[in-house]
Every structure is written in structure tokens, then in C-alpha cells.
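In order of appearance the chains are A, B, C and D, and numbering begins at 1 in each one.
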Amino acid sequence: MSAESMPAPEIAVSKWFNTDAPLTLAGLRGRPVLIHAFQMLCPGCVAHGTPQAEKAHRLFEKTDLQVIGLHTVFEHHAAMTPVALEAFIHEYRLTMPIGVDDAGQEGPIPVTMARFAMRGTPTSILIGRDGNVLHHGFGQEEDMALGARIMQALIAAP
Amino acid sequence: MSAESMPAPEIAVSKWFNTDAPLTLAGLRGRPVLIHAFQMLCPGCVAHGTPQAEKAHRLFEKTDLQVIGLHTVFEHHAAMTPVALEAFIHEYRLTMPIGVDDAGQEGPIPVTMARFAMRGTPTSILIGRDGNVLHHGFGQEEDMALGARIMQALIAAP
Amino acid sequence: MSAESMPAPEIAVSKWFNTDAPLTLAGLRGRPVLIHAFQMLCPGCVAHGTPQAEKAHRLFEKTDLQVIGLHTVFEHHAAMTPVALEAFIHEYRLTMPIGVDDAGQEGPIPVTMARFAMRGTPTSILIGRDGNVLHHGFGQEEDMALGARIMQALIAAP
Amino acid sequence: MSAESMPAPEIAVSKWFNTDAPLTLAGLRGRPVLIHAFQMLCPGCVAHGTPQAEKAHRLFEKTDLQVIGLHTVFEHHAAMTPVALEAFIHEYRLTMPIGVDDAGQEGPIPVTMARFAMRGTPTSILIGRDGNVLHHGFGQEEDMALGARIMQALIAAP
């Protein structure tokens, strides 16, 4: 069994934006989920990754795909507070659901980031309808390849 | 029957680059085909459409997809000769197969461009495994949407 | 007398980054000064204006020009604190001197922003060797025009 | 005497576009001249250098600066003919005067290119009011630095 097919752990979110109800991977089982992990002060996220996730959110709006932005703060904690994130979401006109990764009790790495063993931001994780991780990428991703991966996950039988 | 599902007419090519043998849609039946129609002096092609088609050619290299660049010269015929196209292909390091659309006998519009009723350049046409036109777009296309469409065509049963 | 030649008011800064000593326009009299007013959560600043000011800082490093970044927070005050700005400066690797515009006592507009009657962010103000305002622009500025204006200010006799 | 201050040799042009009368450096003595040497099939010219020269032409339109595009064809001669260049100028909406560098009798390098010892395309040469070369650059140039250099040449006494 390859690393790609391991079951995704659950996300741990302390606060949500752009959604009326909290989201869980368990509740989304049967649908593909794209998690975009970012930090609002990460230049590569702001310039590329976050606009790309927002673009996917809008392009696949009428499909089963669920895009989730995850604010995985692992540095500059005093700067990237939920209040600051809210202003960031407003200024950059983000409409996808965005969750604050639970800071946890142990060190600077938040809970979901640790569970998925993310290496930094931006990280892009695609989860299939069956709850398994289909792709886990760190750094800049090509739009064309991402579009293809998402379609593949959408077409796959639940 | 919608316009999207009409059978693609055959391409008419007077000269090929980057391929040992001439390509035909009939010979490619069973595989998805992406046709990128361009002119080497069309700014929107040079800046966006042609690099995008080349990117698709490389990204889906190990799949069934066949990308075809088609030089559909409908203006400035004296400038965009096959000799000029060859230099263009060399300078822009294009590796996808590229055909010169047959100039034909009747007016400035080349044969394949007329058969497909293309509106100008760049034009992006995606043909399914069954030989039907899945998408016909004029102007700039999003990488993410193109990647998704190609994957959809690849997954569809022949 | 045109608006362009009015004497620049003094800047009011509550905290400095990237400089050992506080800067004042009075102390810089005799040298041209470029003030780049920005907010760390202003998308047009992050994508264009702030990198442009940093570029000017580096390009004209060996000349008399003094570039000053001015954090003119007039919205989202709870998000754009000095602590957050410090993280922003670190992440975006800014090396020009940056001052926090004094928040003042009256309403959301900080002191220097009000004194210069700035319309928003990004704002670019070029001050001549004689202390007069040579240019006051709001929004995106062309690199080529900015380079020309700076050189003109540098060549002018004190 | 540094290489920068050598007198510019005369340009040799076999055909002009976008100007009613032929231009010569002798005739332009007393004014700064920016020569942008390019080839219409040089990707770095099309994407960056040529739009930059056109931008300078428009930005400094009301000054003494004369911008000259020079088509210095040293490869793919059969592709980059004057007819092809005319179509290129039309499609890219270039309005600066553009001359075809005289092909000469000896080898592939055209006359002006050889006289200036240009290394390739794009090349940017700035000539002062006194007819001396102020700057000779090969490859991509920064807009901000170019704007500053042009202004410096404009302000210099004849």
C-alpha cells in the first residue's frame, strides 16, 4: 500500500469562516475534498496557492468537490490571529470555507498540520470520495495538473 | 443533439513538424485529441495559447491524449510561411506535433479552419475518443479548466 | 503655486523597522525622499507597490535617495499591528526603513496619512531636495516613470 | 576613456516603418537616442524587450528622446523578412520608428549590429546628446533602471 492511499486523518478546526456549519472529513465522506493549507503571511501562498484554491472553489462550484482553506499557523503566531485572518479573507475576497487549524497544546505546529505531516505552506491535499489521500503536495502546483487531478477524483466511483 | 457532440471533421494539413508520420483524426480514433489552432504572429497565441498547448503536451505525455498544434493562417500569408513557422518552432522550443493547415483554393481561410468554423486564433478544440467535439473555445482558456476537460476525456470509455 | 510644489509636512512615526535611528524629513532635507505608504493587508501593495519601493531602495542604494516605507493603517487596525508588520517585513524580506504611521487620537486615519491627505494605499510620494512634494500618486505606478522621476529629483540642485 | 563614452557609429537601415523620413544618428545629434535591437522571432524580445521599448517611446513622447527599434536579423533570415516584420508591427501595434538593419554583404550579421558589436537580441543602447554611447546592455533590462538612465540623458546638457 502506497502513502498515497492512506486514509486521511480528521481535520481539527478551532474557528470557521465562510461557512454556516463546521465541516468535517467524516461528514464529507463520499465527496472529494481539496485542502489548501496556508498562512496569511506566506508569500508563496498569497501570490499563488491561495488564489489557486479559490479558483478551484469557483470553477468546481457545481460539482461534488469541497474546497477547504486551512490556516495552519506554525510561525509568527502573534501576527496571524483569527482577527487578522478575517481581515485577510475580506481584503482578498476569498469565498471558500476557511478553517483555523487548532493550535493544540504541544509546540508551534497546529493539530491538523501535524496529523497530515505537512512540511510547510502552501500544502495541497486531495482526498478521494473514499476518504483516502490521493495527492499531498508541498509548494507551488500547476493549475493544469490540479484541474486534472480534481476531475479524476470527481469521476471516481464513491 | 447539441453542437458539442457533433463529429469532428477531418483535419487537412499540408506540412508537418515534430512528427515522423502525418496525423489524422481517423487514425487517432479511440484517443482524445486536443487541437490548438494558432498563428505565429497572433500575440494572444504566443503569450498564452501556444505555451498552454505545449504544457498540455508535456503534462499528459504518458496518457492517450494527442495534442496537435495547427497553424491556421488566415491573414498575413506572406509573413507566416512554413519556413517562418519552422524558425518559430525552433525559437520557442515547441515539441508537440504541429501541422500547417492546408491553404486551399478559396480565399484566405485555410481548409481545416473552415471545416471547424473556427472564429479566429487561438482556438482550442477537444475531441473525444469517439471522434465527437467535446469543447470548442475561442480566445484565452484557463489552465485549470483545460486540465479538467482533458482528464474527463481521458477517463471516458472509448 | 501648484499643489506639486507645496512643502511636505513632517512624518509622524511611532515605531521604526530596518533603521537604527528614527528618520525625519527635516533631517533628510537636501536629499530626495520616496515615501511608499502601504498596508500589509492591501493586495495592491503586496503584489505591486511594496516590491516596487523595495526595488527602488536597492536600485538607488548608492545615491542620495532615501526610500521610506510607511505603514498607514486606516482599517483593520486589530489585524495590522506592529507585531504583525514585523512578521510581514521578515517574510517578504524587506530591507528599506519602514515606519508605523502614528495612529493619533482622532479616528481611524493615522497622523501622517492625514497630513499628506492621502487617498488610500498604495500611495507614492516623492519629495525633492528642497522639501517640496514633486509627485503624489495613488494606486499602481509604472516602474519606468518612477525611475525617471527619481533620477530627475536626484539631479536637481539642492 | 571608458568604453561607455565612445562615439556611437552610424546606423545602417535598408527600410523604415512608422516614420515618414529615414532617421540617422547624425541628424539626431543633440537629442538622446534609445536603440532597441530585436528580432521578431526572439522570445525574450517579444515578451519583454520590444514592449519595453514601445513603452519608453510612449512615456517620453513629449521629450527630446528618440526611440528607434532596429530589426537586427542574424539568424532565420528567410523567416524574418521585411514583409513578416510589417505584419509583426501591425499585430503587436508598435508605433515607434523601426528600421531594418542593413543585411550587408558579409555573412549573417547585419551592418549596424556589427558596427556596435552587439552580442545578440535584445540589445538596448542609449546614446547621449553628444553622440556618445551611455549604456550598452544585452538581455533583459529593468524598467526602473531604464527610466532613470533615459531621464539622466535627457537632463544632461547637449
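The rule is simple: a contact is a pair of C-beta atoms (placed from the backbone, for glycine too) under 8 Å apart; a residue touches a chain by one contact, two chains touch by 3 or more.
Nothing here was measured: the structure is a model prediction, and the numbers come from that model.
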Report task. Name the chain whose C-alpha centroid is farthest from the C-alpha centroid of chain B. Result -> C
Requested in this report: From the options A-C, A-B or B-D, choose the one that repeats interface C-D, i.e. more than half of its residue-numbered contact pairs are shared.
Outcome: A-B
Query raised in the report: When the C-alpha atoms of chain A and chain C are each averaged to a single point, how far apart are the two points in Å?
Result: 36
Report task. Find the geometric centre of each of chain A and chain D from their Cα atoms only, then give the gap between the two centres in Å, rounded to an integer. Result -> 50
Query raised in the report: What parts of chain A, by residue number, touch at least two of the other chains?
Result: none
Query raised in the report: With chains as vertices joined when they touch, what's the shape: line, ring, star, complete or other?
Result: ring
Query raised in the report: Can you name every chain pair that touches?
Result: A-B, A-C, B-D, C-D
Requested in this report: Going by the contact rule at the top, pick out the chain C residues touching chain D in the complex.
Outcome: 52, 55-56, 59-60, 142-152, 155
**Report entry** Complex interface listing, chain D residues touching chain B
**Finding:** 41-43, 46-47, 75-76, 78-81, 83-84, 86-88, 90-92
